[in-house]
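For clarity, chains are labelled A, B, C, D and E in written order, and residue numbers in each chain start from 1.
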Amino acid sequence: MLDLLWLVPALPLLGFLALFATEGKLPDKLVAVIGAGTVGIAALVALFAGREFLQSGEPSFSLSLWTWIAVADFQPSITLYLDALSLVMMGVITGVGFLIHLYATGYMWKDHQEPASYSRFFAYMNLFVFAMLMLVLGDNLLVLFLGWEGVGLCSYLLIGFYHRDAANGYAARKAFVVTRVGDTAFALGLFLLFRELGSLEIQQALAASSALTPCMATAICLLLLGGAVGKSAQVPLQTWLPDAMAGPTPVSALIHAATMVTAGVYLIARMQDLYLLSANAQHYVAVVGLATLLIASFTALTQRDIKRILAYSTMSQIGYMFMALGVGAWSAAIFHLMTHAFFKALLFLASGSVILALHHEQDIFKMGGLWKKLPVPFWSMAIGSGALVALPFVTSGFYSKDAILLTAYDTSGWLYWGGGVLAAGLTALYTTRMMVITFFGDAKTEPHEDSRINMWLPLAVLGVLSIVGGWFGIGVLDELLGGLGDFSHASPVAVVTMAVPLLGILLGVLVFSGRIDVAGFVESKAGDALRRFFDSGWAFDWLYERVFVKPFLWLARVNKGDVVDLIYTLTKSITRGLHHTGALTQTGRLRWYAANMAIGLIVVLLLAAGWL
Amino acid sequence: MTTDLVLFWVPALVALIATLMVITRKNASRALIYLVVSLLAVAVIFFVLGAPFAAALEVVVYAGAIVVLFLFVVMMLNLGRSSVLRETRWLQPGMWAFPFILVFVLAIVMFNVFAGSGDETKGQEVGPKAVGAELFGPYLLAVELAGFLLLAALVGAYHLGRRYLEERREEAG
Amino acid sequence: MAISVPVEHVLYVAALLFLMGLAGVLARRNVMFLLMSLEVMMNAAGLAFIAAGAKWGQPDGQIMFMLILALAAAEVAVALGLVLQLSRRYGTLDVDSASELSG
Amino acid sequence: MTALQAQALLPYFVLSGGIVVLLLLVAWLRSEVVAFGGAVAVLVGALATVPWAAQAGPQLIDGMVKIDGYALFFLALFVLTAIATAVLSYRYLGPRAVHRQEFYILLVIATLGACVTATAAHFAGFLLGLEVLSVSLYAMIAYPEEAKPPLEAAIKYLVLSGAASSTMLFGMAAIYLANGTLAFGYDGAGLTSSDRAILALGQAMLLAGVFFKLSLVPFHMWTPDVYQGAPAPVAGFVATVSKGAVFAVLLRYALASDLLDTDALHAVVVVIAVLSMLGGNLLALLQTNLKRLLAYSSIAHLGYLLIALVLAGAANGNPDLGVETGLVYLVGYFLMTLAAFGVMTVLSGEREDAEELDAYDGLLWRRPVLATVLVVAALSLAGIPLTVGFIAKFYVVNAGVAGAAWALVWALIVGSAIGVYYYLRIVFAMIARPADGVDAAAGAHWEGLVTAVVLGVATVALGVYPSAVIELAQGLAP
Amino acid sequence: MILGAILVLLAAGALAWAAGRFVSPNAPRWVSMLAFAAGLAWAVLEWQGGAGANGLYAEQFIPWIPRFGINVILELDGLSLLMVALTMFLGIVAVVSSWDEIEAGKGFFQFNILWVMAGVVGVFTALDLFLFFFFWEVMLIPMYFLIAIWGHENKGYASMKFFLFTQISGLLMLLAILALVYFHHASSGELTFGYKALLGADISESVRLWLMLGFFVAFATKLPSVPVHTWLPDAHTQAPTAGSVILAGILLKTGAYGLIRFAVPLFPDASQDFAWWAMLLGAVSVLYGGAMAFSQSDFKRLVAYSSIAHMGFILLGVYAFNELGMQGAIVTMIAHGFSTAALFMMAGAIQHRLHTREMSRMGGLWVHAPRMGVMTLFFVVASVGMPGLGNFVGEFLALLGAFRASVPLTVAATIGIVVAAVYGLYLMQRSFQGAPNPDVAAMRDFGAREMSVMVLMMAGLVWVGVYPQPLLDMSAATIAKLGVLP
């Protein structure tokens, strides 16, 4: 079965090709079967292959397909590489991916903007799964980069799926371009890595990396980090993610919550050995994580759009993972990645059901009182929120987040831990806000529930996973990756860690159900300024608009005609001027001509006499 | 030596003054008379420089034939008093400034080059006989060519001299 | 009778004659005067040839003068033909009237 | 005169004898057909005797003319050009002159003059050849019987040419004065410094006259007016033969008497060449009259040609390569210029010549064959490969590089760059403008068309296989 | 055989013209199609036949102008064969893309296409400097005709500009060629224009930089590189579709080919000295071309400027002086040939349908023509440098090579990747996406004919992107033979 590992990425690719080549002429049902089916089978293959791999007891398995490029000493090959890390990632991608595909067959069913859009949607989604699988299975950084760019492309395509709305197109381009900035750093990292280590094979490079000078290691790590922050929407390249919510909700669930945005985490985890060489780089990773964590959490507090709230929460959760990577909690980061995939997918899909039921209404202040009318989404949302908030013991999020925070405290002291705990409190606060406003209070829009099996089944499965995922993680991941179980739950630190989210929930319930009146502060001048500051995502967009976008647009506007061409235009004018001057001398007057000849004679004689 | 110089410079001055008159006259006929004077003076120079054959030809062909041809055309075109008035209008004194400057510069260059050439003319006569021997010796082909030159002029003048319009009218009539 | 004079003196005269002719070409508008000036220029060249011939005591100078004579005759023949046409087609001898070709 | 010398002179005898016979025939029969046919027959006859004459080997006759491969090469070139001119003129002259017989006589006399000029080894030959050519040309230019432009052109040409001839004559006299001989070539050893100065002055005046005939800046101003006023085929003849002849004799003289050995005269030629390349091209830049445009372009081309002279004559030069360059360049220049004027002649109407560029709008779609010939000619003049013009340009650049005359080479590059622009304007008018140009000439001018096509084909053929002309031109240095 | 192929193209051109006049106005395109198909078949056959012991697939030697040691030397090695095959293929694309676009002078149109391509094949195979220059100029004229006759509103200006730029830079090259030949003649006594003889020419240090620059300017203009690029946007915009396809797909590559084949090997030392500046030009081209592309509102102009950016990578790669960079440049040549040709074909198809190139008059075209949308998307994505497609392999290799030569310049050029994303997606957004433009009532989608060449080009790009090894192996042999890399 392991030899069939290539089928895992190949099946979604096949699905993509089938849907692409048929140009959307297939019946929708067949499209659904192909779209979800290929990912489903891939998930099955992945499951079996994973089991076989675990049984084999080997630390890794690689499957060489062909040499991609062979030029001089640069010989990247297309090789699939399976170890614990990529196994987890593969499982998440195919498993969660399949569930979301399944959900999407229902969610997108009547969403026919144009004839082929259903097919197109699944084509893109399948391509995404393929690219994501290449990203995690690639044995070579260049293959990883292929997946990396591929998921970026699919992200672009899917964010802009409703392409008639120019705003969606803008969001899509923003996502692509901002992540490309990170990719540039990533590419430079690859160049440097190759120059220093002579190979882009991950294992070879890591093995050879001990020869690097610390400075060089830091440089490479930081460049790779640049790529990671782009893809994973971390500070300072986080601004695209909220806008990316313009895509259909299953896309947000799959790409912008469960899989692609965690690619940065995967990358850093994959290059762990390299980061271990550079304490500085690692430190920066943690700082990035913490900064994102806090910024995103505060921002989420003021959002009105349910998907944007979830988007900021995604950023902050990935911030946790980065922080974990930075403080050395490698396994915890992956653990949180996994549980986050479960519960955030769940949250998005549930919110998608809500949105669908409310006819594409996304503003939580136009919702309310939905908990009875939409029980499936409500309970899914509740479970997901619980996991997000990290309700102790019963949710998967608790275990993974706890693992991160406690490791952070163990290895790096109170700063990261404190920040993390604060953010956990904020998480609880905004999650409670979201839940309270969406599902309780007065109903403002009348929903109609559409609960086909292909839509509630994924919710149910993800709901279960969001709860049991933590135990699974402790049980299996610890064994696979190690380093998850060595913290004690009894220390005061652990208690605080546990308690803060609960306090956050309590506070949230009190505030947002109106028991504590904060209107005075919110409506005050300072409060409003603060709200607007948070609402704008800490004004990053505002800043970038002025520093990068506006100057570029200005340049584009003023230089549309190409300033370099002036050189030639000028030359042309001068030549023409000379011509006109010369033509004036051709007066047609005989005596003037004779005079010129006399002048010529003078010139010739002077030259000949050596006087000139 | 001094006599030689006088013998040379007297006709030379005559030629120069006459030429100056040629180019500045308003009446074409008078200019032609001055031209004849100039040519005759040059013929004298030729003679004193030992080229009597050339001097004779200068008188016969130049003064005798070519100038007469000019005169003939002048008469034919009837360039009388009206044309003198026209010349007065055309030939304002300012018109001479630019040509004078150009010519002056040229004169400086040329005189500068000529000055200091210590050579003297041989002072011996090269008579018609020597010229004739040479002319029909090595210069035979040149003479032939000169014939063609005149032939070309003949044919050309024959064509150009016609009164086409009148001929056409005759043909039409 | 033949005398000996410094060649440069003859050349001065020839050059002066030549330049006077040139000045005439540059200044006059009446085509007849242009042609006369041309004759003066050619005659000056002839004088120079005679001077050179006299310097070397060779007949070649005289022969060249005779060729110039032929040339002058030929040119004048054709030129006067043109003058006749000019006066017929333009009704004037002003060369500036014939300056339609320009640019 | 020995038999061998007579054999060498045979083509010239055929030409001159032919002229006399022609004159008698015309006087007797007064038939245009006879004049035309006779002229062509004389020219063809002269051409036919060239191989025979060539066998007589180089012959210096009376120190006056030198019949060698160089002279015969030019003779063939001029005679061929004259044949083309005669053929092109035949139908063109019809509506322009009642009496057309004399034209052909003048054409043959002019050709004879040009051929003699190329043989000159002595100032007498130089002077007479040139003037036989010039005097015939005055009449040919003024040939049309009623129009004003030809007359104006002829008068301008005559007066200015006369002044230039006088200058040249004065120069010759000065040279003779310094040198003691009228034959080309001199023994510089015995010259005093004042003689040298006079010699330099004479040569400079000679050059000034020659520059006028070659229409080089600043002696160029007559060129566009004369081309424009002259009948189209005659303009083609002036553009080619009269310049070719003068260049031939200039090159011969320069080589025989080390003309460019002195820095000063070398500088004269370089300066004039640079001025001509730049000036000619600049003046042509936006010209809309095709005749004037070709005139300005010929100024530039003669400037390029001076590179060959510089290479051939310079003290450190390469006479063989220089002469070869000059000959090949002239062949190319003749072909493309004649092709252009040929097309113009064929397109010319009964009164107006097809000289305004507007008349060529969309020609490719109206008269594809003629247009193709003119396209070829224009591209050739621009020096684009597949045409002889490219080979010619290659040769002069080559000559410039070989002689390390970098100033000339740069001027050539700048000049050609400007040149490309206006040649392409011709091409553009023919191919891309809407086809609303007027065909002045409605009738078929088949013999003109054939001539133009032959010239066009030759332009391309020699562009692809230049060895044909290179082998002819090689080793002809006089 | 090579000369035969060139002659076949030339003859087919004449035949097409004649067929258009005397048979049927639509006959020429079939003649042209057949000629290119035959040419492609020939190239494939040579490929299948394998290289001889000397690494050549075919060679030819015919004396031409013995006076100057000029001969018709044509050789087909790996690099040449690649480029010739691309030429023939894009010939087919050009014919298809102009299938019913041209209304007047169809025969002459195909004549010009065939003659351009004949010149190009000559350029890619000539190993005599004179012959090379000859072909270099031969391909200009038909291209000029294509733009001048069948171009759009400003064709006179554009065609003239195109011609002047190439011609003037070509003259400089001619000068350099002649000087090289003469210096070689002076030092060795052998007068020859043969490439191989001149490879080892002994030229003094002071002049070889200038000679190299003569070649460089010509090739950089053709490439084009900033600051001699300004002819390209005009030429592309005004050219008919087939002209743009050929121009972008093939003619620009002759510049790159010239750099690899001539400028660098003939003057290895001077090129080394100059490498940093050339790379600088490359980096500037990447950034400036990208920024300019974004500024444009004209579909074709945008793609034209993007070509300038892409060609910058070639400069970087070639002057990195390592095999990675060189291979990157070569792969970029091929890949850019496909991707840009397709985009220009697209621009032509849109213009044919909507009579505009202004993107402000497009928008939401996907609704009317999803196939065209998908194709545009694919090729935009390719040209943006998506891994798995040809352009990525080329640009990555070029940058990887360049990184070893100069870090700052590579960093600058890599930033160009971001700019590429900006303008590429902007193009997509403004033409095919967004709200459907109300002025566009309907638009015919691609039919089978257009789709077939599009799919072929897609396949080509995917092939180069996923399995470029056969191609790399072919060019590797050539690169090794050039012997300029350390």
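For this structure, a couple of remarks:
One rule holds for everything that comes next: contacts are C-beta pairs under 8 Å (C-beta built on N, C-alpha and C of every residue); 3 or more make two chains touch, one makes a residue touch a chain.
Since the structure is predicted, the reported quantities are computational estimates derived from the model, not experimental observations.
Under the touch definition stated at the top, subunit B and subunit E share these contacting partners: A, D.
Inter-chain contacts peak for the pair B-C, counting C-beta pairs in contact.
Comparing each chain's Cα centroid with the centroid of every protein Cα atom identifies chain E as the most central. Seen from the C-alpha centroid of subunit E, the farthest chain centroid is that of B. Ranking every chain by how far its Cα centroid lies from the centroid of subunit A, the top place goes to B. The geometric centre of subunit A is 95 Å away from that of subunit C, both derived from CA atoms. Centroid to centroid, with C-alpha atoms defining each point, subunit A and subunit D lie 77 Å apart. Chain centres here are Cα averages; for subunit A and subunit E they lie 37 Å apart. One finds 26 Å separating the Cα centroids of subunit C and subunit D. Listed for subunit B are residues 98-99, 102-103, 106, 109-110, 113-114, 116-118, 139, 142, 146, 149, 152-153, 156-157, 159-160, 165, each touching two or more other chains.
The multi-chain contact residues of subunit D, meaning those touching 2 or more other chains, are 124, 128, 131, 135, 138-139, 142, 146, 155-156, 159, 163, 167, 197, 200-201, 224-225, 287. Shown for subunit C are the residues that touch two or more other chains, namely 7, 11, 15, 21-22, 25-29, 34-35, 46, 51, 53, 55-56, 58, 60-61, 63, 67, 71, 74-75, 78, 81-82, 85, 95, 98-103.
Applying the touch definition to all chain combinations yields A-B, A-C, A-D, A-E, B-C, B-D, C-D, D-E. For subunit E in complex with subunit D, the touching residues are 64-68, 104-105, 108, 130, 133-135, 137-138, 140-141, 144-145, 148-149, 151, 155-156, 159-160, 163-164, 167-168, 171-172, 174-175, 178-179, 182. On subunit E, the positions that touch subunit A within their shared complex are 161, 226-227, 229-230, 233, 288, 291-292, 294-297, 322-324, 327, 364, 366-367, 370-371, 374, 377, 381, 385-388, 392-393, 396-397, 399-400, 403-404, 410-411, 414-415, 417-418, 421-422, 425-426, 429, 432-436, 466-469, 472, 476. Note for the complex: subunit C touches subunit A at residues 22, 25-29, 34, 95-96, 98-103. Interface residues of subunit D, counted against subunit A in their complex, comprise 155-156, 159-160, 163-164, 167, 197, 200-201, 203-205, 207-208, 211-212, 217-219, 221-222, 224-225, 263-265, 267-268, 271-272, 279, 282-283, 285-287, 418. The residues of subunit B lying in touch with subunit C in their complex are 1, 3-5, 7-9, 12, 15-16, 19-20, 22-23, 25, 28, 31-32, 35, 38-39, 42, 45-51, 53-54, 57-58, 61-62, 65-66, 69-70, 73-74, 76-77, 79, 83, 86-87, 90-91, 95-96, 98-100, 102-103, 106-107, 110-111, 114-126, 130-131, 133-135, 139, 142, 146, 149-150, 152-154, 156-157, 159-161, 163, 165.
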